[in-house]
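Input: structures, listed below.
Both complexes shown next keep chain A, but they swap its partner, so chain B is in the first and chain C is in the second.
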Partner chain A sequence: MIRSRTLDIVLGVAGILILLGLWHLVTSYELISRVFLPGPAATFRSLERGIVEGALLPQTWATIERMLQGWLLASVVAIAIGSLIGVSSTARAYLQPTLEFLRPLPASAIIPVAIAVVGLSWKMVLFVVVFGSVWPTLLATVHGFAHVEPRLVEVSRLLQMSRLAFIFKIGLPNAVPDILAGMRLSLTVALILAVVGELLTGELGLGTAVLHASRQYRADDLYAGIILLGVIGLVSNYGLALADKRILAWKG
Partner chain B sequence: MTAALARSWRGWLFPVAVLAAAELWFAFNPILSDTLAPPSKIARDGLAMLFDGSLLKATGQTLVSAAAGLLIGMVAGTAAGFAIGLIRTAERTAAWVVELLRPIPSVALIPLALLTFGYGYRMEYSVVSWATFWPFLILTHNALRQIDVRLIEVSRLMGFGPLKRIWKIMLPAAAPRLFTALRLSVGLALVVAVTVEIAANPQGLGLGLMRSQEELQPGRMLAYLIWLGVLGWAINYFLLLFEIRLFAHRTPHGGSTAP
Partner chain C sequence: MTAARNAIELKEVSLSFGSNQILTGIDMRVEPGEFICVIGASGSGKTTLLRMIAGLLTPTSGAVLLHGKPVRSPSRRVAVVFQDYGRALLPWRRAYANVSLPLEAGGMPASQRPARIRELLAKVGLGNHEDKFPGQLSGGMQQRLQIARALAQEPDTLLMDEPFGALDAMTRQTLQDEVLRLVSERKTTVFFVTHDIEEALYLGDRVVALDSNPGRVAYDIKVPLPRPRDQLTTREHPEFLRLRREMFEIMNKIHA
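What follows is the complex of A and B.
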């Protein structure tokens, strides 16, 4: 009997090989026209060209930078505002219904408003990324503050802590798991909105690269761009999951 | 009762105050009229669009695309979720493939869908189906893993075949979680459909938003935006009510299975 962990790896690799094999078969028999689906070999050649020769690197960095900038800015804003709302039950009573109403609103729907106010530029994209990725972290922070252990709240009253001291000594540390979960969701949203912003503005980035490839029927470059965007999503997700683990290690 | 009333009263105060402030501000500073509009103008434009049918037509286009994509994503995702939830080898073989494919942002597929299908419903619902496939796959898989082992043992003892076991035991046991997957995915489908319309596809509410902006009709643009908020909120609210009605009597942790 093979050890379970080894079997996981063998089957995991097998799964990916099966996927690549199917992809190869579908394209080599032209079940789907190559105009829409190039073979894996052509796609990886294009990917190699893009990375080794550097044609796709500036675009990749631009998208990553846009995503991270917007996300960091949004996280700071969200944690600050979320703490202020979360720390007071009165503020929650007045503001939470509005927040709940805004939550299901598609973040991309703010794009036309942002174009009207900011103009069709990189500033608009950054604004939209920040605006859209504020919500998950903001709501998570409010939730984290609202669910602080009641006995800790009593302790803070007994110690006559100020609001500010409560936020930093009790509220924020207790909300950390919620905030991190919210920030992970926010990062996904940030990537999506960065790409949508690029599709609309034509600013340098993978979204624009992918759109140009599609307009010029360069399907291999199109798939290479999609793969790179997938890798960005995968790496950022894993990075944050690792960070979560380290930061939350004290919680056991 | 009075407490609930007071709560809801306080919840309304903030949005009403914002609207009143916006109205007053515009009454004294009518400069921004090409980019933003006072609430009274938004309401007038919204009602005008409601009565000339353009709002309902756009809503219909968006909802049809979202629903078609959701249906494909649901059927494919639930089927795949059952496959990896029931067969251990399939689960292990698919694990890495899922990890690799799932992080691909759905919007990255917009140019591909555009290339493949051109403008129209197909490119929109294909992107929606990709986006909704994953939550159904993951949540079905989780739902099956959380079925009480004793239920499966009972079905074995009763000599159920695999099909009967799925139909009589697993599907009903997983149903509350599957419905939660549906409720979450409905919201996602609406968001993705509108995003596709804003980024590329010239139809539906997304087009309405973009076109109103281009035609310098901020009243209409904001009316679309608010309508979209109401629509998303209402769909979620009614699905939540429906979910509690359907499953309140058998979810072990009380009525709400909301995350």
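What follows is the complex of A and C.
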């Protein structure tokens, strides 16, 4: 039997409530010191101060902006380069091994290089976010292009389509499901790296806010920041899932 | 040489894949406007032959000529309808946009396309389905869509590779009649591959039978049945019955 959507939502909300309940119990019996783990009530008061009264808003926007900038730039670069590599089986043969080598390289490994090249600045953060989040979309684009139905390649030949027309009318649309899946992975990576970049450079953002809160033993602010980061990840992923559904309507 | 150039001419055409001889010494002439059906067992090289005429494959030896000119690569004057409509259509384009593809490729100005697309969709009975994706259409409707896309090229030669092989009998008969009507309107030359003897006789002006291993022309017979053809009267016509019997005997002899 297929569970209904409503039931899924009810279960999801129940899961969150149970977690909040446990959190409340753990802190009200002080199983963990409040210095390290404040109660949910204190955390939500801090969240309220941060969002409703606006104390955390500039930081939140700064992190979101950093994430989106890097992610969008990475997506454009990934789709453009991925299309060029993917459309040619020769290019694929040359570059695929290199890509497979670069991809699992932790983006943090590139940070020293980035610092050396562009210095400890917002440019370095952007560079690291782009470098780290470019791979999922790039490889997905190449994969999508490499797996065009051979019949459609024949159709393009029969219609004497130019290579450019093939890319835009067949290759790219064919790769869209892969690209969207890659972009969702990339977005998560972009958020992580945006925060890491803030921690390193001290630029305004939720990462820095969380770091300061922790140094000053403001545990409630620390957790408020972490929750906000989680919410950013959740909302952006959900937004992309909705976009997927619309764009891939033809999959039925 | 001849007054009217042949629409399709194959001269001593042979094709091998590696050491595997698929077709040998194929000689064939198709006049403009002629409807020729090619039958043969599975693996006899029918698809390979069609792909050479389409310019998708180059013969190992011999020549393929269209209107007197050697075929070197595909041309938009030649349209192909594949059996596997599910793969040949663009699944992310609606019916309307699928028909638009050849118009875009042929450089028709965007302002002229809508009228032409709607005319073609109406012609194949898909006037009310222009907003559907191929995945939302039945097999018969998808094949109609592929036919509309082929006609959008305004081809003078139409190559069809077992186009109705995957359809049920009722749909197949309807589509046979539609294809006959559509190509007679424009005097299109048709090269129609099938493994169904009755289909070949019902549609064709001529039927060519291929022998297998390697593929070669075994028989080439004229079908002097009156047009327009009719699913009942043509199939009951004494000449149809006689030819059907003859073809069965030929095919049995080939495969014996």
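Here is the rule we go by: the second predicted complex is superposed on the first by the 239 of 252 C-alpha atoms of A that agree within 3 Å, B and C clash if a C-alpha of one lies under 4 Å from a C-alpha of the other, contacts with A are read in each partner's own complex, and residues count from 1 in each chain.
To be clear about the criterion, a contact is a pair of C-beta atoms (placed from the backbone, for glycine too) under 8 Å apart; a residue touches a chain by one contact, two chains touch by 3 or more.
Nothing here was measured: the structure is a model prediction, and the numbers come from that model.
Under the clash rule set out above, the superposition-derived model of chain A with chain B and chain C shows the two partners fitting side by side. With both structures placed on the common chain, the touch criterion links A:L159 to chain C but leaves chain B unconnected.
Of the two partner chains placed around the shared chain by superposition, chain C is the only one that A:K169 touches, whereas chain B remains out of contact. In the superposition on chain A, A:G82 makes contact with neither chain B nor chain C.
When the two structures are aligned on the shared chain, A:R151 is found in touch with chain C, with no touch to chain B. Of the two partners chain B and chain C, more chain A residues are in touch with B. Judged by the touch definition given at the top, the superposed model places A:I18 against chain B, while chain C stays out of reach. Put simply, if you stand at the Cα centre of chain A and look at the Cα centres of chain B and chain C, the angle between them is 90 degrees to the nearest 10. By the touch criterion stated above, A:L102 is placed in contact with chain B alone, chain C being left untouched.
No C-alpha atom of chain B lies closer than 16 Å to any C-alpha atom of chain C in the overlay. Shared interface residues of chain A, touching chain B in one complex and chain C in the other, do not exist. Residue ranges of chain A in contact with chain B, taken from their complex: 7-8, 11-16, 18-19, 35-36, 93-98, 100-102, 104-113, 115-117, 188, 191-192, 195-196, 199-200, 206-207, 210-211, 213-215, 217, 219, 222-223, 225-227, 229-230, 233-234, 237.
Listed in rising order, the residues of chain C touching chain A in the complex are 54-56, 73-76, 78-80, 82, 84, 87-88, 90-94, 101-102, 104-106, 133, 135-136, 153.
Interface of chain A with chain C (complex): residues 149, 151-152, 154-155, 157-161, 165, 169-170, 173-174, 176, 249-252. Chain contact summary for the complex, chain B toward chain A: residues 7-8, 10-15, 34-36, 89, 92-97, 99-101, 103-112, 114-116, 187, 190-191, 194-195, 198-200, 206, 209-210, 212-213, 218, 221-222, 224-225, 228-229, 232-233, 236.
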